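One chain, subunit A, appears in both complexes that follow, with subunit B as partner in the first and subunit C in the second.
Let's look at the complex of A and B:
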């Protein structure tokens, strides 16, 4: 899904994608071959791409439809969880992975049921909406993106992959093939977001993974969505929490520290200041729940 | 399969049990293919921005918003629209439940709501009110008549179990 600026909504009477060519490859190799030669955009589920075509934000010459490629749709479990780029949200939302429970929680909060039936994790990740759900999760968990082109394969850390709003580290001819996420066993994990109306993008969303040993924080990962140009890893808050007990005071200080470096936008759904308050409350209440449960 | 921007593409789509072969521009939206080319106008265009769910159809048995899919993406696949839910003018249990519970006001969202409810009940027979409300959040009723819609879906679930 794509957010349309309020003002533009009234200017649009009927939206239609521009004239575009279409290529449906039989394999990833064939897709890479085509992408090397032609000016094309990869189509997976299309739940962000098609609205963008309708808005004429993008005008590629061809669409390369990899949505039907079985070789890219899988979940493989090991010490690292490997997820094929065209794995659909509903498949992730219906599968509980030990040590990666947060992914199921995040996937089940993407868009709505219909969007989850078509949309893919790779599509959402490559679209890199600053308020999308997965980027925060992948940044918090230090995931790795496996990127393929005709020339070969390279790996990029989530932290480097998300470069800014709708901008990722993918060169022409490259396709995101797989997402690898380390299994965090013994971590309490949660993904929560605040939206004003059902179906809206998040005002702010929080991905949190925390490892406690007799009440003391051994490791913690915190990343927010919707509050910066890209996913915001709250390193300052992590520092406050590490090796501390989850007391009221520590939680309060961590929540305050979480906004350091964040730069939320102001728009019709919420001001920058309000989003900062939402961030703090999200982290505070999530940590309080974890403190009470441990 | 490769199609130039100014060319048309031949697609085979099974809609409500009938196989259709057609030539469409790659940019043609699935909802327009259904409404304009096949005349199946039960599926509505509401917001045209993936928000309202009036254009909801079943693609290979899963609910999708047909304003946000290209017709060519449905090539080789099976579609069910609101027209395909009833047979021999006998309403489906979900349609019956919507009728009996007065689950519509202006009726514009109804086709999408019924298709979505049909999908939800195909996945899970027993849903709580909260689950139903959460899983129809991609379907907007601008008359705000949600109470009877939720009642109807719960009623349909009871009928389908009986």
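Let's look at the complex of A and C:
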């Protein structure tokens, strides 16, 4: 058993939040050890967790701060792109990855400058806000989540990882270690986001990757954020587009089909009706741009 | 040497830009911290407050409820009687909740603890047994008087008064056209960057209060009335205040609880609102006008007949009484319409109490009358400018007494309209937008006119002191809290005394240092506090001439003052400013200070503003540009005046397109800063601001009128009009949210 050195176990930070213990591990192993034994919440960039603590929505006994762990902050390029969980948004926003251009675009649209400097991809993904940016991108791209615990490692497909609003497939003691995304060479990719105000969560967002061959759609991935309990993969719209040319009519039909299976909430960002309208227009505009470019 | 008219840099900004300012929360004082337990119910009977667990917690000193607090809080919070006649009002007694809560968020108990974290933890440990009773959370329901907010009043109507001028029924009948209208502003939340805060210290005989407020002297008077302590034994200090917008000119029960706790415990007590608490401390706007207008073929508006409903929330705040009494008076605006009936109604609901907000009644009135002008234009297919030209009060009618008796002092409304159309390039921008729309873009240009009533008397205090070493301290009853008015007043005084501005220090906001005052609100401070400061400075200069005359053994008439020198006109002898200052404190003279309480009246600035709005395919509107042309009287500091246009214009963007304080069906405020959209720099338009060179002076010594609220008064009407131009839709309620825009786009 690894001993937790007590000099790094600061009990009781006092903030407006409730009392909470704070532990800053020196390695992932140490973090996993602690998580195995204590009722704790993993803290990375803190851009969602800290506000939740301040609002007293969450009251964990401990915070385990993995934000400073260098071993979890990396971007490794191969056929598959591997991204460490504590990689900051700004690092992804400032790196163009061939075959994964969409990630740079999505990262540059997360929150505002302050959030992007501090927030991490893993934190955003594990928080699973139904209006967050990455979940739609990772779902569209069939990413894989590598999850670690003291017991070992397991892999989960993005589609299965996002279970619902603020709910992911992570068990107590587990930490998201890495995100793996297959490179999509030859795909046109875009992430578009509709917000009421700069820096806000998406009212609706669209991740789109499309492979054209002589104007015919060979493959297409469409996923929305902000319009359902979690990321919404628009399979019906994909079906309409596959093996078709991007004609006005096809685009229109795909846009209409994109809302199939979506169940947008009505809240202060917009009504369910409005979100459905925005979805259709998002896809239509994005496809029109791609049709014009090709 | 002349400072007035120049963009002198703000005198005291270093501390703000270097983080050394002192807001209430920055004050270091050995105080207990207050935290509040709040009701989740809009209306409920308080059966029992369980304090036991909280009292056992470490650091917790005590817990008070209304039962204890209201022994000290003797009188209730009442209306601002300087401006609101309480007689026609039905006013519930408003102290700390006792026995019953009337809105969700109302404080039910206060915890006093040794630090704010313990205080908050303890507040969470308190449970309250409620018995919910029927609540009425919308004006429409409240109007039925089925469920009453205050049983003892017998009605939810707090105020009913019909403002009638001429014969609107007859005018409607003889008009060429009649049209039904419904126009309004929904509820919003003022957002000062610094939330409310208070520190109270009662030592057994004197009460000191450090308070984030716009009105320290009125607060002193109110605390005196409420707690039964003579004003002379109360000191209210306003440290640096991070924004007010009218939302820091009322008193809330939390603040009374802090003072009462200090009085009961004999210890200093403090509280700073969290953002969530700040959002519940002040809600604003929410008014609807429904009625009918009559107009003729030539575009003249001849009759307005309708009902104005203003929401009050659960209690009558210090400032909300202004709205239903001043909106009707200002509905005629700068136009000649003389036959009106405005049935003004103010209605209690089980919601967060409502207060004034930048512009206070003039934005509401301006939105109504400008929407009416645009409605006439649309109905007759006339241009917005033409319709206004045909309705504006003409120069030969000035000073003009409006149908409700307001006397518009000076101005040439028609000339300003015509100049403004040129300077703002209205016609060419309209044409540009039309061409852009032909290309498929949704852009639009809109304008609106406003006439503002500001100044608001009744008086202001100022004292000018010349110190022994020749420095000048100007103490004003005005209370700048971000506007930079202190710089403008230093400019005026430096000019009056012909001394370098570096010699002049302006102080305010401490009721012990400044014996009397009214405050900063209603775009009044340069005019009324500035004029008082100039008057006091003149009197001091007169004293100095007398001192110089005695020293030079001359008659005071023989002494001329110029540029820091007192000259014996006949003999040519001179005395320097510093010499006279020193002599003023030689023991032979009574010192060099003079104070005045200067009377003042209302004055009426006016202007035309224009916006360019672009709407995307999702119905999201952005204000790209905002242009303003105003006659605000003499301009003392153009940069400060422009700053007011920028700030007010940005808040106008918020009111027109973004800011909606959603109250859910349970009466709870359903937004946080995650979805209550205060515009950021990204949503702010590019500004162009011009002031009329041939201005029309106010009767004030400074010849100034006021600019603090102009852009928020007219901005919402301007932006909505541009939005209509961009989309072809019609919008009569603020904020216009994207899905409403999208529906009209289809």
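To be clear about the criterion, the second predicted complex is superposed on the first by the 279 of 294 C-alpha atoms of A that agree within 3 Å, B and C clash if a C-alpha of one lies under 4 Å from a C-alpha of the other, contacts with A are read in each partner's own complex, and residues count from 1 in each chain.
By definition in this document, a residue touches a chain if its C-beta (ideal position, glycine included) is under 8 Å from a C-beta of that chain, and two chains touch if they have at least 3 such contacts.
Just so you know, these numbers come straight off a predicted model, no measurement behind them.
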item	value
Partner chain(s) touched by A:198 [first = subunit B, second = subunit C, both, neither]	both
Which of subunit B and subunit C A:18 touches, first, second, both or neither	both
First, second, both or neither for A:58, with subunit B first and subunit C second	neither
Subunit B versus subunit C as contact partner of A:250, first or second or both or neither	neither
Partner chain in contact with A:273 - subunit B first, subunit C second, else both or neither	second
Subunit B versus subunit C as contact partner of A:117, first or second or both or neither	first
Which superposed partner A:90 touches (first subunit B, second subunit C, both, neither)	first
Per-residue touch tally on subunit A - higher for subunit B or for subunit C	B
Footprint overlap on subunit A, comparing subunit B with subunit C	14-16, 18-19, 198-199
Contacting residues of subunit A [partner subunit B, same complex]	1-2, 4, 14-24, 34, 43, 46-47, 50-51, 53-54, 61-63, 65, 67, 90, 111-115, 117-118, 198-199
Complex contact set, residues of subunit C against subunit A	115-117, 120-121, 124, 274, 276, 617-620, 658, 660, 662, 670-672, 674-677, 679-680, 682-683, 737-739, 742
Residues of subunit A touching subunit C in the complex	14-16, 18-19, 55-56, 194, 196-201, 267-271, 273-274, 277-278, 281-282, 285
Subunit A partner contacts - residues on subunit B that touch it in the complex	1-7, 9, 25-27, 29, 48-51, 53, 56, 59, 62-65, 68-70, 72-73, 75, 116, 119-120, 135-138, 140
